[in-house]
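Letters A, B, C and D mark the chains in the order given here, with residues in each chain numbered from 1 onward.
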Amino acid sequence: MDDSQGVTRVHEHGYVRLVEAWGSDEQIVAAARMSTDGAFRGWGTDTEPGDERLLARLWRDRHTSPFEQAGMSLEVRAPLFVVREWQRHRTQSFNEQSARYGALPYDDYLPSIERVLLGGQSKGNRQGSGTAVPHAAAEAWRTELAGLQERAEAVYRLGIESGISRELSRCALTVSRYSRMRASANLRNWLAFLALRLAPDAQEEIRDYARAVATLLAERFPRTWALAKEGMTT
Amino acid sequence: MDDSQGVTRVHEHGYVRLVEAWGSDEQIVAAARMSTDGAFRGWGTDTEPGDERLLARLWRDRHTSPFEQAGMSLEVRAPLFVVREWQRHRTQSFNEQSARYGALPYDDYLPSIERVLLGGQSKGNRQGSGTAVPHAAAEAWRTELAGLQERAEAVYRLGIESGISRELSRCALTVSRYSRMRASANLRNWLAFLALRLAPDAQEEIRDYARAVATLLAERFPRTWALAKEGMTT
Amino acid sequence: MDDSQGVTRVHEHGYVRLVEAWGSDEQIVAAARMSTDGAFRGWGTDTEPGDERLLARLWRDRHTSPFEQAGMSLEVRAPLFVVREWQRHRTQSFNEQSARYGALPYDDYLPSIERVLLGGQSKGNRQGSGTAVPHAAAEAWRTELAGLQERAEAVYRLGIESGISRELSRCALTVSRYSRMRASANLRNWLAFLALRLAPDAQEEIRDYARAVATLLAERFPRTWALAKEGMTT
Amino acid sequence: MDDSQGVTRVHEHGYVRLVEAWGSDEQIVAAARMSTDGAFRGWGTDTEPGDERLLARLWRDRHTSPFEQAGMSLEVRAPLFVVREWQRHRTQSFNEQSARYGALPYDDYLPSIERVLLGGQSKGNRQGSGTAVPHAAAEAWRTELAGLQERAEAVYRLGIESGISRELSRCALTVSRYSRMRASANLRNWLAFLALRLAPDAQEEIRDYARAVATLLAERFPRTWALAKEGMTT
């Protein structure tokens, strides 16, 4: 729970931080063995296979309940449009910064020029991006967006300084404004989150967060991650 | 399912529309009677009490499972900041308009001058509003907000017309932009939604939507609503 | 909601009855079209494909949220060991007969001789059955079980008649005793239920109930069922 | 995770064992402070109040989401009728011993004579017990139940030894047979579990398990428990 550990930066102002993890690869095996009256026995050796085979079979057969016996609690700072997608995962538990209770700090997500240059509307995937944008157009739009974010902040501040409530003043914020939350879920859910949010048709911004989540998960649950990552785009 | 029925307008561009309801006050009683091997018998008369007494006892004792045997599916058009609060209700099912798939129509929520005049930051309730704002300040801020929304639309359109993907161009949208969704839940959940979102400390905008939901619920489930509304601010 | 309709008998004393269904194949398409700002347009003709293609794509890509906008509420009578498996589906809503509130009627599940003859312990699937049992052994065991059920009822009744509470007297009931419940879920969940409970490795008794559920689902949602049943064992 | 620690015996053959807990009273406060951009500051002193006031306010106002950021995973051995009630808590995660995969060990719950003597059917509460049962009747029924359990085991074993599958042979088991499971939930859910299962109208047997859960919770989350236990019957 040391704040200096387990923090992964995402873009200029965002991050994912491990608050706490519980359970382990071994506990998942032990939970699965509940059905057969057994417990975790050990991982295999060069000559003798071990409980990694059970873990693999559980995963392959989508026998996912043992993966509910472990989990992670994370702290996340991300733009509102990313938070919106994240919170569609309804079996996670969230505690988010309230823009009604306090003014949101002035940090907005401004896509890098590299991101905009490759952020053209995809032809094949109507939801996605990935085609090239001419340099001048990319620069021009990015400058416009930066100007808009500045003006949005000005209108937001004007509201608050005029005595208008924070809840109403926030109408001026764009969805690129950063928010912060704790997100807690069991491993079954985190793996479902990653399957969707690491996929090539996910938006690049949330994929970057998903990669950070995957890194934290892999450190704590290396054998589970070794299984789960197959078939995922990482 | 006639589109002309069950539509309640909310503010200038929003609405709540009943797509479908299932179950009934009588089915809730019948579900509760499952435990005692009985069924719905009838509502009382002037001289003889009936199943409204069972319904009241269930509600009072928070025996809420029978209220899961009925529900409503709604279509909602609301600003993003309202949708965000709405989707924190994790036992609802949502299908929402995708800003990645198609450009969001140019409709933003501009609070009425009456709303802004009474939308000053509350002193007692750090989250709320309700104190008076001087007329000049209210007018000035509202004009600024309208200008910002116009500029946001311009930057959004510029992005799309420059070939930048919709998913990236939407960084320019403010949280006052309208989205549209279907929200489906059982009655137990709708009543929990209303208890929170009709409350005086809820933001005025979502309270207006909650009132529209309450009206639809009251029409289809009048006896349940008669019980539930006590203790709620409506 | 006519009791004479939609009742499917299962074994000697069990049944599945449709209480109510909501939504439709068309509403599922309409919910999916929410993302693209469209609505249900129509099913295809011989020469022109229609919305069945969208439905198929949703299903194939596991884009399951539109299937949450429809559902069924069922009444079920089944032995306790079947109810136990059923209630592991945690996103269903249940109202079950209470053995604390009233004595359970004297109906037990006695497997047919045909079931016992083919109910030998499976070798390949440690959970299952399916090998042959010698006729004499099958008859002998079935007779023993019938005698045990009779004695269990006698001990149960003795408790209740001696003034011992129903909640304590039920210690004498076997898991073959019948219970009754309402089970309500959206279509996404019913399809997940069927995928697990129609599968060859599910216990024969719950498969029989799952078949009854599938029949009701197919009547009301024929196009959805046509898609979903592929890959399921029915 | 030492097996010798955190085990609480319940009745003759049952227990509750702490597998793991995560989060803490301090983490709950920190999650709540997320909304106000703060963190856990400290508990109060004699002269200066501290974060216990925030915790109390959260609890009183049913602002329960911070309590989802902590939890416990338990191993439980209990009779089937207790497991049935337990598993109605649908936001818990379960891994249970499978009677299809292996034969259940021969342990049944036989209520103590003291329990039966006070286990008469309640008059006021149709679900409960608590009135006196004559000594002779109590003894007689308990002897009958013990005999039935013995015979049930004999029929169960006869089935298995005759080659009849475990899944079918279990028809002979009574609901007093012991099962074993892991149950994992966040603190919000455990507190809801305790509110229902410690209550005077809960069955005595599950109350005994709830008391064991409460003890484990109190050790790890003493300040949360101090708040929550008010209004609960412990």
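Convention: contacts are C-beta pairs under 8 Å (C-beta built on N, C-alpha and C of every residue); 3 or more make two chains touch, one makes a residue touch a chain.
Predicted model only: the values in this text are computed from it and were never measured.
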item	value
Mutual neighbours - chains that touch chain A and chain D alike	none
Copies chain C and chain B - interface residue numbers shared by over half, same or different	same
Euclidean distance of C-alpha centroids - chain A vs chain B, Å	27
Distance between the centres, which are taken as Cα means, of chain D and chain B, whole angstrom	37
Shared interface positions of chain B, touching two or more other chains	94, 98, 101
All pairs of touching chains, each written as two labels joined by a dash	A-B, A-D, B-C, C-D
Chain B-touching residues of chain C, taken from the complex the two chains share	1, 19-23, 27, 31-32, 34-37, 65-66, 68-69, 71, 73, 75, 93-98, 101-102, 180-182, 184, 186
Parts of chain B lying in touch with chain A, wherever the complex brings them together	79-81, 84, 87-88, 90-91, 94, 98, 100-101, 109, 111, 115-116, 119-122, 126-131, 133-134, 137-138, 140-141, 144-145, 148, 151-152, 154-155, 158-160, 162-176, 203
